[in-house]
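In what follows, subunit A forms one complex with subunit B and a second complex with subunit C.
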Partner chain A sequence: MEEHLVDWSRAQFALTALYHWLFVPLTLGLSFIIAIMETIYVKTGNTVWKEISKFWMTLFAINFAIGLATGIIMEFEFGTNWSNYAWIVGDIFGAPLAIEGIMAFFMESTFFAIMFFGWDKVSKKMHLLSTWLVAIGSNLSALWILVANGWMQNPVGMVFNPDTARFEMNRFFDVLFNPNAYSKFLHTVGSGYVMGALFVVGISAWYLLKNKEGVKAKKSMVVGATFGLITSIFLIFTGDEAAHQVALNQPSKLAAMEGLYDGHRRAGIVAIGQLNPDKKIGDTQEEFLWSLEIPQALSILGFHDANAFVPGINELVYGDTDEHHIESASDKIAKGKIAIESLKAYKKAKKEADPLAAEKSLAQFRAYEKYFGYGYLENPEDIIPPVALTFYSFHIMVGLGTWFFALFFFLLYFAMVGKIEKQRMLLRLAVLSIPLGYLAGELGWVVAEVGRQPWAIFEMLPVGMATSQISTTAVQTTFWLFAVIFTGLLIAEIRIMLKQIQIGMGEH
Partner chain B sequence: MNMSIITTIKNIFRFYGEGFKNMKVGKTLWGIIGIKIILFFVIIKWLFFPNILKEHFHTDQERSDYILNQLTQGK
Partner chain C sequence: METINYTYGLLWYASWPVAIYISYKFILLNIEHLEENLESKEQKEDKE
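The block that comes next holds the complex of A and B.
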């Protein structure tokens, strides 16, 4: 397989996924904030809350309409660029993606119409119920996508069928309740909630800086900052659980996230630091040029035990069988090659109608099956994802998450004591934090997906084996085509939104 | 019974019809959605994104054999 083709296929998928994720988090978060605002309207009968709800609903609709169907492009790519992968996982992904499609179509589209067209046509309570159901439906759609993604990070509940070359689901509830999937789901939707809150407080702050929409902006600010503060705390806990799952199931990702080359007990977390760019796997150079470490924190957060051993990149590549029972990557690669040869022998025996040979080959394949994916790797070092990209993405994301928590706290405090208009610097920071929210969300996905490399399905299928044999030029062409289309959509969204924001909260 | 179903259907159509008619920014958005759907499903899907396995093979057995070959022979 040409390296170029794999890289371009990955770049195209990354481009479409990153653009898609510009639209999704606002849908997840803003839908709940609107539902809360409308609930206040229904409870109090104060029509100001109705106007506020309608204003944010208009911005929600703009985002929803522009983002609609941007995810479908990834499904096109599965069939064309990733046909091997699509075939191999088809049985696993079919159920969750079909449920997602049905749920998204029926729940969101039905109640979406009532939410937008139903003001004064259905009862207040029916309208409120529809708004809540749109929010819940959007989030449930995300559940099924993240169940599929969680399975790729930690494949469970399946068996490989050597006759069909497919992973077949044999335990649906193991797939659904995969700890990696639900921790990922909660953390991902949590990031959407924080994004929604940043959007609301940022735009409200802009109105306050411009001395426009004073009452409505302040009310929006209180709801946005409260929701943001609560969901930031939620994000911290779900992030902790997600990292714990990474520690248990994806040690190479954890080592890259922390720039940890030499594993040890009572491992600390680097709160801030600069990686040594000359550091190579297996050498004796320092890992960091400078760093500030929190002692024992990685052992505690990763394994909930201050004394726990956290394996580093060197142990994962070269093994540490004596003390920590970690197999070297070269041993795993050798066993993976036996699995591939056994599968080949099984196929040959089946073709030659030799049941005894087929049975023997299959038994050998099953014995080495868990190393199967390693058989396609060339070098032991290939099991480690790009360290610098994973490390910096993770640390910037965590730093931004901490900033958002502080921002919501101060905004809420000053809004509650009635001095928010005077905090000009804080209001400016709130406006500037809108793009930072998007950045944090994208970086989260970079950690999840770059940190998973070289695997398409963790330890089962490397990306090089997941791609289709198509022309690199075709992938390059569609890469630039998508870059133009998605950039156009993004510009359209920003322009329509800015126009609507400038009109104000009373007119929609 | 039949009359009530017809009335319900009429009400649903009226509900959507009036909703679309009274839209402001929504008309622009529906325009964008329409263009996007045509672009994605008609042009991009049709011209650039064929389903490789469906197009090149007629049966699941052929597809399985092809993938097994890829997995065992390498690429």
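The block that comes next holds the complex of A and C.
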């Protein structure tokens, strides 16, 4: 496999996913915020709430349309750029993706039309129902995408068919209730809710700074800050569960997230620190140039036990069979190569109609099957994801999440005591926090996906084996084409939104 | 092969609508309080 082809294919998918994720979190969060605002309108009959709902709905519609465009491209890329991946796991990955398509295109789109165009055409209750169904539909479509992604992080509920060389789903509910699926779903939609809340409080703060839309901005601020505060707490719980699942199923990701080279019991979390850029796997240099650690926190977070052993990068690469029963990566690679050779021997025996040889090869393959993916790796160090990128992304994300919690708390407090318009600095910070929300979301994805490297499917399929056999030039050309188109779409979205925000809340 | 605990998964999935419902109830509560505040502020300004 051409090295540059893999890099460019990854770059193109990352570009599409990162742009797509600029639009999706707002859809997930704002849809519920609008549904709650409209519910208040229907309950109270106060038309101010109708105007507020319609204003946020206009911004939602702009974001929704552009988000859809980037999402469609991403789904096609599985076929164009990752056809080996699609072939090997299509049986499992295809099912949730197909359900997602039905949810997104049928449920969301149908009720979106009623929600956006049906204000005076259907009854109040029907309209409200449509708004809630758009919110539920968009979140359910996220569920199925994240079930598929959770399976990539922790493949369960399947068997490998040696005759077709494909993974096949044999337990659908294992895939659905996979701990990595529900923890990823809840944490990801939770981040979308916080993003939606940041968007609402940020724009409301801008109105208050400009002395515009006073009452409507205050009401929006209270809805946004309350929603943000509650969902931030939800995010802490789901983040804890997500980290616990990473500790159980993806120890290499956890070690990279924490820059942990030497594992130990009662491991602490680095609250803030700077990695030593010269540190290499296996050497004796210090991991950090400076750091502030919370003692025992990593053992508690990862394993819910202060005394638990957390394996570091060195144990995962070089093994620690005596004390902690951790196999070295080189042993796993050797066993993986036996699995690959056994599979080849099985296929040859089948072709030559030699059932005894086929049975023997298959038995050997089954014995080493769980190492199959490792057979395609060259160096033991390859099993570790990029440490610096994973570490800093994780820590900045957590830091930003903590800031958002504090921001929602103070905004809500000052809004409730009737002094929000006097808090000019806080309002400015709320406006500035809108892009920070997007940054936190993107960093979360970097942790999830870069932290999964070198695997497309964890411990089963390395990314190098997942790409299509196409020319690198084709991928490079489309990369730049998409980069220009996505940037154009983003600029268009920002300009249209800014125009609508300047028009105000009463003209929609 | 890892054994998947369906009940545990179901309970976690159930926390999703619960989070939305709790948010909704708190928003109603806070909005009610805000509207009372805005009303009393308005009345105070009218008197002045």
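Here, the second predicted complex is superposed on the first by the 508 of 508 C-alpha atoms of A that agree within 3 Å, B and C clash if a C-alpha of one lies under 4 Å from a C-alpha of the other, contacts with A are read in each partner's own complex, and residues count from 1 in each chain.
We adopt the following convention: contacts are C-beta pairs under 8 Å (C-beta built on N, C-alpha and C of every residue); 3 or more make two chains touch, one makes a residue touch a chain.
Note that this is a predicted model, so its numbers are computed, not measured.
Engineer: Touching A:Phe409, do we find subunit B (first), subunit C (second), both, or neither?
Structural biologist: neither
Engineer: Quick check on the superposed pair: does A:Tyr438 touch subunit B, subunit C, both, or neither? Answer first, second, both or neither.
Structural biologist: Touch status of A:Tyr438: no partner.
Engineer: Once the shared chain is lined up, is A:Met465 touching subunit B (first), subunit C (second), both, or neither of them?
Structural biologist: first
Engineer: Determine, under the contact definition given at the top, whether A:Thr226 touches first (subunit B), second (subunit C), both, or neither.
Structural biologist: second
Engineer: Per the contact definition in the header, classify A:Ser183: touching subunit B only (first), subunit C only (second), both, or neither.
Structural biologist: second
Engineer: Considering only the touch criterion stated at the top, classify A:Phe288 as touching first (subunit B), second (subunit C), both, or neither.
Structural biologist: Neither: A:Phe288 stays clear of subunit B and subunit C.
Engineer: Touch check for A:Ile73: first (subunit B), second (subunit C), both, or neither?
Structural biologist: Only subunit B is touched by A:Ile73; subunit C is not.
Engineer: Quick check on the superposed pair: does A:Phe479 touch subunit B, subunit C, both, or neither? Answer first, second, both or neither.
Structural biologist: neither
Engineer: Based on the A-chain superposition described above, do subunit B and subunit C contact any of the same residues on subunit A, and if so which?
Structural biologist: In the superposed arrangement, which is not itself an observed complex, subunit A uses no residue for both subunit B and subunit C.
Engineer: Taking the complex as given, what residues does subunit A use to touch subunit B?
Structural biologist: Going through subunit A, the ones touching subunit B are 1, 58, 61-62, 65-66, 68-69, 72-73, 76-77, 79-80, 83-84, 86-88, 113, 116-118, 121, 162-166, 340, 343-344, 347, 376, 464-465, 468-470, 474, 477-478, 481, 485, 489, 492, 496, 500, 508.
Engineer: In the complex formed with subunit A, which residues of subunit C make contact?
Structural biologist: Those residues of subunit C that touch subunit A are 1-2, 4-6, 8-10, 12-13, 15-16, 19-20, 22-24, 26-28, 30-31, 33-34, 37-38, 41.
Engineer: Applying the document's contact rule, which stretches of subunit B touch subunit A when the two form their complex?
Structural biologist: 15-16, 18-20, 22, 24-26, 28-30, 32-33, 36-37, 39-41, 44-45, 48-54, 60, 63-64, 67-68, 70-75
Engineer: Within their complex, state which residues of subunit A touch subunit C.
Structural biologist: Spelled out, the residues of subunit A in touch with subunit C are 32, 36, 39-40, 139, 154, 156-157, 171, 173-174, 176-179, 181-183, 185-186, 189-190, 193, 215, 218-219, 222-223, 226-227, 230-231, 234, 237-238, 241, 249, 412, 415-416, 418.
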